[in-house]
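In what follows, structures are represented as structure tokens.
Here come two complexes built around chain A, the first alongside chain B, the second alongside chain C.
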Partner chain A sequence: MGSLVQIAVNGLAQGSIYALMALAIVVIYNTTETFNFAQGEFVLLAAYVSASLMGIMPWYLAMLVAVAVIALFGATVFQRVAYWPLRNSTFEFVIVSTLGVSLFLRNMAKIVWGAIARPYPEYFGGVWRVAGVSIVKQHVLILAMTGGLILLFYLFMMKTTVGAMMRATAQNKQAATLMGVKVSRMVALTYFFAALLGSVAGILVAPIFFLTIDMGMATMTKGFAATIVGGFGSIPGAIVGGLLLGLVEAFATAFISPVYKDAYTFVTLLAILVFLPRGIFGERIAEKV
Partner chain B sequence: MLLSVNGVSLAYGAAQALFDVSLKVEEGEVVTLLGANGAGKSSILKTVVGMYHPFAGTIEFNGQRIEALPTDRIVPMGLALVPEDRGVFPGLTVFENLQMGTVSWRRRGMKIDADLDKVFALFPRLKERQNQLAWSLSGGEQQMLATARGIMSRPKLLMLDEPSIGLAPLLVSQVFKTISEIQKTGTSILLVEQNARMALNVATRAYVLETGKIALEGSPKELLQNEKVKNAYLGA
Partner chain C sequence: MRFMRSYLWYLIGLVALLVLPQVVSSPYIMFLLNMAIIFVILALGLNVVFGMTGMLNLASLAFSGIGAYTSGILAVKLGLPFPLALIGAVVVAMLFGLMVGLPTIRIGGHYLAFMTIAFGEIMRLIFQNWTPVTGGALGLSGIKYASIGPLVLKTHWSYYHLSLTLLVIMVYVANRIRVSKLGRAFEAVRGSEVAARALGINTYYHKVLAFVLGAAFGGVAGTLYAFLMRYVDPGTFTFEESARVLTMVMVGGRGSIPGVIIGAFLLTFLPEWLRFLKDYYMAMYGLGILLIVLFLPGGVISLWDKVRSRFAAGRRAPAAQTSAGKR
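Our next item is the complex of A and B:
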């Protein structure tokens, strides 16, 4: 029983990281009708930049600075280079362009930080023992941070005028323009959120994994799977899909074998595509947020 | 002069849709633009609001040249277009849709209560449905919402693209009654309609557009008596 709780906490923690990535993918898709294949590089950059900054400042400040810098980078330079020039072409052009930027960023990371995997400082290490169950502190931090971030994002989208402007833009770009909404600002804001979600995911997973050049791509792939499991385009779907994948992975790893960790995601994905082709939440375009 | 379109020509790629179009709207007027399907009526409105840019001609609004400006610069000057497809935000509530109408002028801390009262007085139905998502409204209610949202932007000129399209006859006459009421509040109107008789009844001046060219201009009285208009648009 105790170990079941441990596995569940582990799975939810991992799953909430996937949920952050899935959320970023969906938010970008809703505003721009295309994908950002460099989403994972926000994870990578946040992890490496914060690790480097820890040499000259306390860990929490290093993380804060890294997240802020990368979120702003996403909203400005990144978006202007990878998306904006192609905003009027079909979506596959943006996919190719963001893939290109992704390769560029990974190679830059390789040049700056080297190709060898290295550990991330354990800033919140250790284990809590609660009623005979050991809970990894980092997992609790991940759950608290992602829960808080998702709640803030939800409140922003649903309760503020700017949030309503973002939803309006996602639902009908032309009508939003007719209201005087500057679509360029909404795009910048969307990329700000995507980079924020990605970089927070980065500083949260880094202590669990080694830092590698591929950590972003791997995380993004799971995020994509989560969006499909949850129902593409749906924000609640992205969150539930991410958590579900995390749980499946954790339990299958514990009870079947850790060797096939990534395969479980794809088995889940296949099962969903066969039995619930529109995902758990199915898309209802009319309510797209 | 509120709006003046001078010799505007527009092309979609190689296909020219507007040929040397000139028209004007004075303050306080209800100007109607009549014409068959495909004549270019919507193209004129979309060009005025900056969704398309003409390859020749100029457009002046309130004394300023606007033909090269983007929509998000034109709308805050006091120009609103209620498009043919209505363009309500389906996943936003009625209230939020109306709120979107204020984006062009509202600054932090400004109240919109008086604007809301004004549109709810015109469309009491919307007040009852404030918290409903817009997709759940009927066609007539969506038209009300789109028009109300246009009014929320405090326009000097409100452009309505076929507001009566697809509505039941009873609702159609209501639309035209509302247009007269909006005019009384001091907002000028540029009205595109297929329902020529009703449009001429509320208009102060009218234009007839044929295959991208202005074919006729005059007072509603003149046009109602014109043989060509009678045959082509009034079904007489």
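Our next item is the complex of A and C:
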């Protein structure tokens, strides 16, 4: 029983990271109708930048600065270069431009920080023992941070005027413009959120894994899988899909075999594609014309 | 005359590709030339699916992986020669194309792009984990040199002639598709599905057909790859490589067959040309892709159109406008 709780916490923590990535993918899709294939690079940059900053300031400050810098970078330079000039083209152009930026950023990171995997400082290390169950503190932090972030995001989208403006932009850009919404600002805000979610995922996941140049790409692929499982374009779907993938991975690793960790994602994906082709929260797909 | 003119550039290109091995002395460059041809075939396949019909397939490498493993297994376990392995690989790749295409294309649109990412990941994991058949993480080894009749192709030079022959066939096929009734139907579907349906085109049938044809190109490319390397590594068939094929199509010029050929050659050799930048070469490669998409949305081939229309404008009347417009 105790070990079951332990596995569940483990899986939910891992799933939270996938959920954050999936959420970022969906938020960008809803506003801009394209994908950002450099999403994984926000994870990578936040992890490396914060690790470097920890040499000169306390860990919490280093993280805060890293997340703030990456989120601002996403909202300004990144979005202006990779998305804005192509906003009137079809969505494949943005895919290719973000792929180009992703290659650029990843290889610049390789030059700056080196290609060798290295450990991330364990800022919140240790284990809690509650009634015979040992729970890794970092996992609890991941759950709390993800939950808090998603709640804040929800409140912002649903309860504030700017949130309503963002939803309006996602629904119909032209009508939103006519209502006085400045679309360029909404796009900047969207990328701000995407970069924020990505960089928070980066600093949360870094202590569990080593820092590697490919960590962004690997996390992003899982994020895509989560959006498909949860239902394409759906925000609750992204969260549920991410958590589900994390749980499946954790339980299958514990009870079947740890060798095929990535294959469990695939079995889940296959089952979802066969039985629920539109995902768990999938709506009827109606393309915007 | 019209025939001559439309094929003139292909003939010039072919002559250049025939002369090239005579001047190349490094086996590595020959290997890259073979790889470039494989990528051209892959890009031509994506061009049928995406360039002509407008469906974004982000799993090109999954189909070439299916082709590579099928031909590899046929060659290693059944001892089939290259031509039979090739046919087997193309048939299996097309069957997979049909299997994936039938359910997903009905949903369509951007969702299809997501589904192909999922399919690509699924295939990659199958290649990696189905050890009894694919050799698992160690890969599939023991593929003999490709041979056609008594001819055994042992060097990259001799293999190049096989690749080039298949390239010529595939370019011809791609061109036939494009100028036929089928190609016009594909392009009508890309333009507007509703309008295409109103004209009596069965859009679902044509989209599935385009997808299956695209898969066949993947099967050919995969077979060439398996016999070139004589080893199939599961780490080859990743999403990133599929994205690279998409980049080739976009950089070369979506929908244009000469453009796609140029794009595939360019992106295969660009990293080599940038090697003088040392550590920075991959970063600059990424930056180059970004710049081309931003400033040359019609791809490299649109440069040619611009030059030609300027030339025509100078010769005829100043009123003539550039024909290379934004799509």
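Here is the rule we use: the second predicted complex is superposed on the first by the 283 of 289 C-alpha atoms of A that agree within 3 Å, B and C clash if a C-alpha of one lies under 4 Å from a C-alpha of the other, contacts with A are read in each partner's own complex, and residues count from 1 in each chain.
Following the convention adopted for this analysis, contacts are C-beta pairs under 8 Å (C-beta built on N, C-alpha and C of every residue); 3 or more make two chains touch, one makes a residue touch a chain.
Please read these numbers as outputs of a predicted model, since none were measured by experiment.
Look at A:174: by the touch rule set out above, it reaches chain B but stays clear of chain C. Residue contacts after overlaying the shared chain place A:164 against chain B, while chain C stays out of touching range. Of the two partner chains, chain B is the only one touched by A:182; chain C is not. Touch criterion met: A:111 reaches chain C, while chain B stays clear of it. In the superposition on chain A, A:270 contacts chain C only, with no contact to chain B. Which of chain B and chain C touches more residues of chain A: that partner is C. Contact with neither chain B nor chain C is seen for A:154 once the two complexes are overlaid on the shared chain. Residues 285, 287 of chain A lie in contact with chain B in one complex and with chain C in the other.
Residues 49, 51, 71-72, 75-76, 80-81, 83, 87-92, 96, 99-101, 103-104, 106, 133, 135, 149, 153 of chain B are the ones touching chain A in the complex. In the complex of the two chains, the chain A residues touching chain C come out as 29, 33, 35, 37, 81-82, 85-86, 89-93, 95-97, 99-108, 110-111, 217, 221, 224-225, 227-228, 232, 260, 262-263, 265-266, 269-270, 273, 277-278, 285, 287. Of all the residues in chain A, the ones that touch chain B in their complex are 161, 164-165, 167-168, 171-172, 174-183, 285-289. Put simply, chain C touches chain A in their complex at residues 50, 56, 103-104, 107-111, 113-115, 117-118, 121-122, 125-126, 129, 239-240, 243, 246-247, 250-251, 254, 279-280, 282-291, 293-294, 297, 326-327.
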